Amino acid sequence: MQAISSRTLVDIAAKKLASGEVSAVLGWKKGLFNYDVTPAVFTDEKDLAENFVYTDFCAANLSKYLVNETKKPEYRADNRKILVFLKPCDTYSFNQLLTEHRIHRNRVYVVAVPCNGMIDLTGAPYEKCVNCKSKKAVVYDELVGENGEVIDSNRFDEVERIEAMSAEERFAFWQNELSRCIRCNACRNVCPACTCEKCVFDNPASGLENKAISDSFEEKMFHIIRAFHVAGRCTDCGECSRVCPQHIPLHLLNRKLIKDMNEAYGEYQAGAVEGSRAPLVNYSENDIEPAEAVGKGGNNA
Amino acid sequence: MHNKDNVTERVLRISGVNARRCMKCGKCSASCPSYDEMEYHPHQFVYMVESGDVEPLLNSRSIYKCLTCFACVDRCPRGVEPVKLVEAIRLEVIREQGANHLRADDVPAKIDEDVPQQLLVSAFRKYAK
Amino acid sequence: MPRIGVFVCWCGSNIAGTVDVSTVSEAVKNEQGVVFSTNYQYMCSQSGQDIIKNAIRKHNLTGIVVCSCSPRMHEATFRKTAAAAGLNPYMVEIANIREQCSWVHKDMLTGTQKAIVLTKAAIAKVNLNSPLTPGESPVTKRALVIGGGIAGIQTALDIADAGFPVDIVETKPTIGGKMAQLDKTFPTLDCAACILTPKMVDAAQNDKIRIYSYSEVEEVNGFVGNFDVKIRRKARYVKEELCTGCGLCTEKCPQKKVPNEFNMGMDNRRAIYIPFAQAVPKVATIDADYCTMLKTGKCGVCSKVCTAGAIDYKQKDEIITERYGAIVAATGFNPISMDKFDEYAYSQSKDVITSLEFERLTNAAGPTAGKLLRPSDGKHPHTVVFVQCVGSRCAAAEKGKEYCSKICCMYTAKHAMLIRDKYPDVEVYVFYIDVRTPGKNFDEFYRRAVEEYGVHYIKGMVGKVSPEGDVLKVQASDLIANKQLHIDADLVVLAAAIEPDKSARSLATMLTASMDTNDFFTEAHPKLRPVESPTAGVFLSGACQGPKDIPETVSQAGAAASKVIGLLAKDKLIGNPCIAHSDEMMCNGCSSCERVCPYGAITYVNKEFRMPDRTTLVRRVASVNEAVCQGCGACTVACPSGAMDLRGFTAQQIMSEVDAICK
Amino acid sequence: MQVSEYKPRIVAFCCNWCSYAGADLAGNNRLNYPAEVKIIRVPCSCRVNPSFVLRAFQRGADGVIICGCHPGDCHYTSGNYYTRRRMAMLFSMLEYLGIEKERTRVEWVSAAEGAKFAATMNDFVETVAALGENKRLEDLRCKR
């Protein structure tokens, strides 16, 4: 159960809408059943009162939607704002997008909402909530309730377990997982780090695009390249795994990179500080050599 | 007898010395405290091993005059480590098949009351083939 | 449609010996885009180039592949050939089938197969090449010379002589460098000061030359033709424009116990000092580390005696910024520290000295007024031992230097000769490993030391020097006599290896110029471009590039100057067109590229885009400064969207090469 | 059936200033290394996108090696520092996926190190040849 009720949030948003301070509200909208909650933009108070919800099914990270929402003419024309509700982990994504200049900060009114963890339709908590990394909202204009703390989570345990496997076991593990991929692109489409104007996988000029042949480069390398593209930018929000229809633990790829970067180049949490410099666009003169970095964790050390 | 080529190769292998690094400056011999005791001097060890002329060294008392003080190693500007060649040649002599450096008959004359029994045993193990 | 010509070079038998060239030219005939393919003995020859030009014209070629030696060798040649035939020079690709094929593989079949693959990769790439036009940038017609030794002075004089303004930045209070400290110069034995000081005066009086003495380069930005340099003019607490150099202050200063670095610390100077009589500029400088006034606020003697009112205890470091078209590094050398050579007892006895100390000892302006006296007791020495190669040719990096310091053989012969000339009673021994005296009149000079002056040259090294009483026991080997020698010496002179000045490394970083492992500046080409750094617009003069004597230094200084003049004579520079380019439509404006760019070539602009709904969207996008970008490509990988690409090495081009190789 | 001697396919990315020149020097000195090594010239090792490495593997390469100037000696000052981080992360990721880590390598070869270039290539080809064909990356998305 969430500590904050839908009502509380509706009241906040409605007031802002009524005063004209914001022209729209980005939130969660209820569906036919209690579990099919979808992200939605509300522009009138009635719609907001009737359809806005904040329940245990509001796992969706709304920060990415701001990239396109704030580009819309109504926000461009004058300095009108959109109000967005962000859970603590979502604020990291928002901050990262600010770092990358993807959102105009002055067009957004951020309301940070505490979160007690979200569940899927079977009632099971999402992995990203089980291994929640932070209850602390890192950026907001308004905070509902009390701000929490960064959590000393066990999110790297599973990565360590895989690292400890033999190469054969690791390969078998990933082959089993990745062979289920149907290339639906859900992971990419939901990822708040994947906001490129044009994705390399959709761009014939990139040399990576190749849709027709299933045995193509893109197919095999998609997840590796994607993990690499978001390396240092991924806040570990866990949306990729949450939306994967094939239940592939995609977060384990991103987390491996986060873990490696933390170990090799010092702790870095993308999105924790706006404007911070990610490890892969930085260097130190005495970094470890690639050969030393490989297989540092696990039984190959 | 020693096979001429093999012995050079073995000396180089045992010592781990690359004699070709020597630039013949003579600083090893200049540093050697046993120089005047030696028939062949440190720089000659390096030169002779490099040119495969190890035989005279094997038969020279010079190898026992070296104090293994490592002055040559310390001073050599090229990192040649001449003393390791001296030591390798000593080992080569010790390991020589069929060469008895210590015969039972010789022992009584050499015995000193203070010499421990164990030393004699190990001397036989080492020097008698 | 691309129309590609392939030209396979035999390079005589260099390529044809291991690669069946006709098989190669035949095998690629049906590759995509190829309309012409041939082979010839020497493609780089005039007739070879004619074949290329004719084929370009006859077959309307849009791109060519030359299968030849390394592109580092002849890419420029073939680009010019293409341009002469009206083809954009960047439509040329080289398949390196010599250095990376015929020369490293022995077997004909292997070599031929690999050559075919390399050619196919080049064809695949050239299919995707697009014509490139280099950008232009202006040239600031002023040069900067860093270092005011003989190298820097000569370079500056030659540049100024051609009519271009030039600034010298020297970290010491005077120009002159090491040469000013020397006594006589080999092989002619003319006095160093007599030939150097006129040049110093020339530099000071030349209206094209500005001397920033007691100054250091703080920061370098920009690129060839337009370097913005920050120079720190260190506070000397003396107003340069007022000081007449009368030297009264340097006589009256009560702080007398300052080691005199000009005399290698063998005597003392005052806290306010002029390094030597012929210093340029002849201006006093206060040594802040020793000045009582600056340390405690009590003294002020120099200020009181200065009739010109030049003393200014409140002077502060001043930073000036200047723009230069070219920069010459002339930072020179220093003898290495003798700390690691305990066997020579340098730190135990004052009578074990380095050769540079010996120079001061024999110099009429030195601490002993030119008399050869032992530093310890001022007595006349009877036996002097010179030790060569102290730290030179030394494989142990923590002790010495692996290279030959080059100048020691000659100056030691000079020292030995000078002693024997003035003091025939002194026995002089020189212990050497090899005597290396190539150079005009050099070997004759060394032979004179032996034959006319009776210097004892002994092939062998000194192993140990032990001070005992007032003698130095020298234990050495004589390799030719096969003897160990024991000499009682009064003075031992060590020919210390030389190393680049410590400031060179940080300067190289500022200039983005490369260095070798010994911290000598690297040449753009060791033989063909010996006075240029690989970094455009940076030139090398003197011992900062490698050990060298005065004649060599002066020649190199002149050569560097002529390269600078060649650059400054240009009004515009033609850039490298193989640089980064951002596709605005795809750019996210995320700043990743900006963060990795080593040159600060990327900025962001707000760009208006027409949207499908006819509204205008302003988006932040990257923009590459074409004059600043050097084309490394770091940004292309940092860019998540693939908006940033590198002309001449596009992602598609490289991938096409990968594909061709892996096929 | 007689199996012919297996020859691995090796793609070597060499930076123009150091390693490509080092490879040229190996040629000048006639230092042999296997013909399986094919060099692609890039201005700087930092031009090598991880996707190029993956592309090579996908197109059938058995090993990919990236050579650049020694850290600190980059012609562009800092390019190879980025290479070092990027490739460290990429290689670690590939190893995590169960791809043999010996198939990837970064080596710093200066323009003066022709001998090192040849020795590196000899060693790398031998290492990759011992691993055999690169099957795993090929099979990563296929069901067993």
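So that you can tell them apart, the chains are marked A, B, C and D in the order they are listed, and the count of residues begins at 1 in each.
Basically, contacts are C-beta pairs under 8 Å (C-beta built on N, C-alpha and C of every residue); 3 or more make two chains touch, one makes a residue touch a chain.
Just so you know, these numbers come straight off a predicted model, no measurement behind them.
S.K.: Comparing the two chain pairs, does C-D have more C-beta contacts than A-C, or is it the other way round?
M.R.: When the contacts at A-C and C-D are counted, C-D has more.
S.K.: Report back the single chain whose CA centre is most distant from the CA centre of subunit B.
M.R.: A
S.K.: At what distance in angstrom does the C-alpha mean of subunit C lie from that of subunit A?
M.R.: Spacing between the chain centres: roughly 51 Å.
S.K.: Taking the mean of the CA coordinates per chain, how far is subunit A from subunit B in Å?
M.R.: 72
S.K.: Provide the C-alpha centroid distance between subunit B and subunit D, rounded to the nearest whole angstrom.
M.R.: Taking the average C-alpha coordinate of subunit B and of subunit D, the gap between them is 46 Å.
S.K.: Centre to centre, by mean C-alpha position, how many angstrom separate subunit C and subunit D?
M.R.: Their C-alpha centroids are separated by 32 Å.
S.K.: Going through subunit C residue by residue, note those that touch at least 2 other chains and give them in order.
M.R.: 596, 638, 651, 655
S.K.: If a residue has to touch 2 or more other chains to count, which residues of subunit D qualify?
M.R.: Those would be 50-51, 55, 59, 78, 82, 86.
S.K.: Considering every pair of chains, which are in touch?
M.R.: Listed in label order, the chain pairs in contact are A-C, A-D, B-C, C-D.
S.K.: Touching residues of subunit B toward subunit C in the complex: what are they?
M.R.: Per the touch definition, subunit B meets subunit C at residues 21, 23-32, 35-36, 41, 43-44, 71, 74-75, 77-79.
S.K.: Mind listing the subunit A positions that touch subunit D in their complex?
M.R.: Within the complex, subunit A contacts subunit D at residues 162-163, 167-176, 178-179, 181, 200, 207-208, 217, 219-221, 224-225, 227-228, 231, 253, 256-257, 260-261, 264-265, 279-285, 287-296, 300.
S.K.: What part of subunit D is in contact with subunit A in the complex they form?
M.R.: 50-51, 54-55, 58-59, 71-72, 78, 81-82, 84-101, 104-106, 136-144
S.K.: State the interface residues of subunit C toward subunit D in the complex, per the touch definition above.
M.R.: Contacts found on subunit C: 70-73, 96, 98-101, 103-106, 110-111, 113-114, 117-118, 121, 509, 512, 514-516, 534, 578, 596, 598-599, 630-634, 636-638, 646, 649, 651, 654-655, 657-659, 661-663.
S.K.: Contact residues on subunit C for subunit B in the complex?
M.R.: Of all residues in subunit C, those touching subunit B are 343, 389, 393-396, 399-400, 433-434, 459-464, 475-479, 482, 484.
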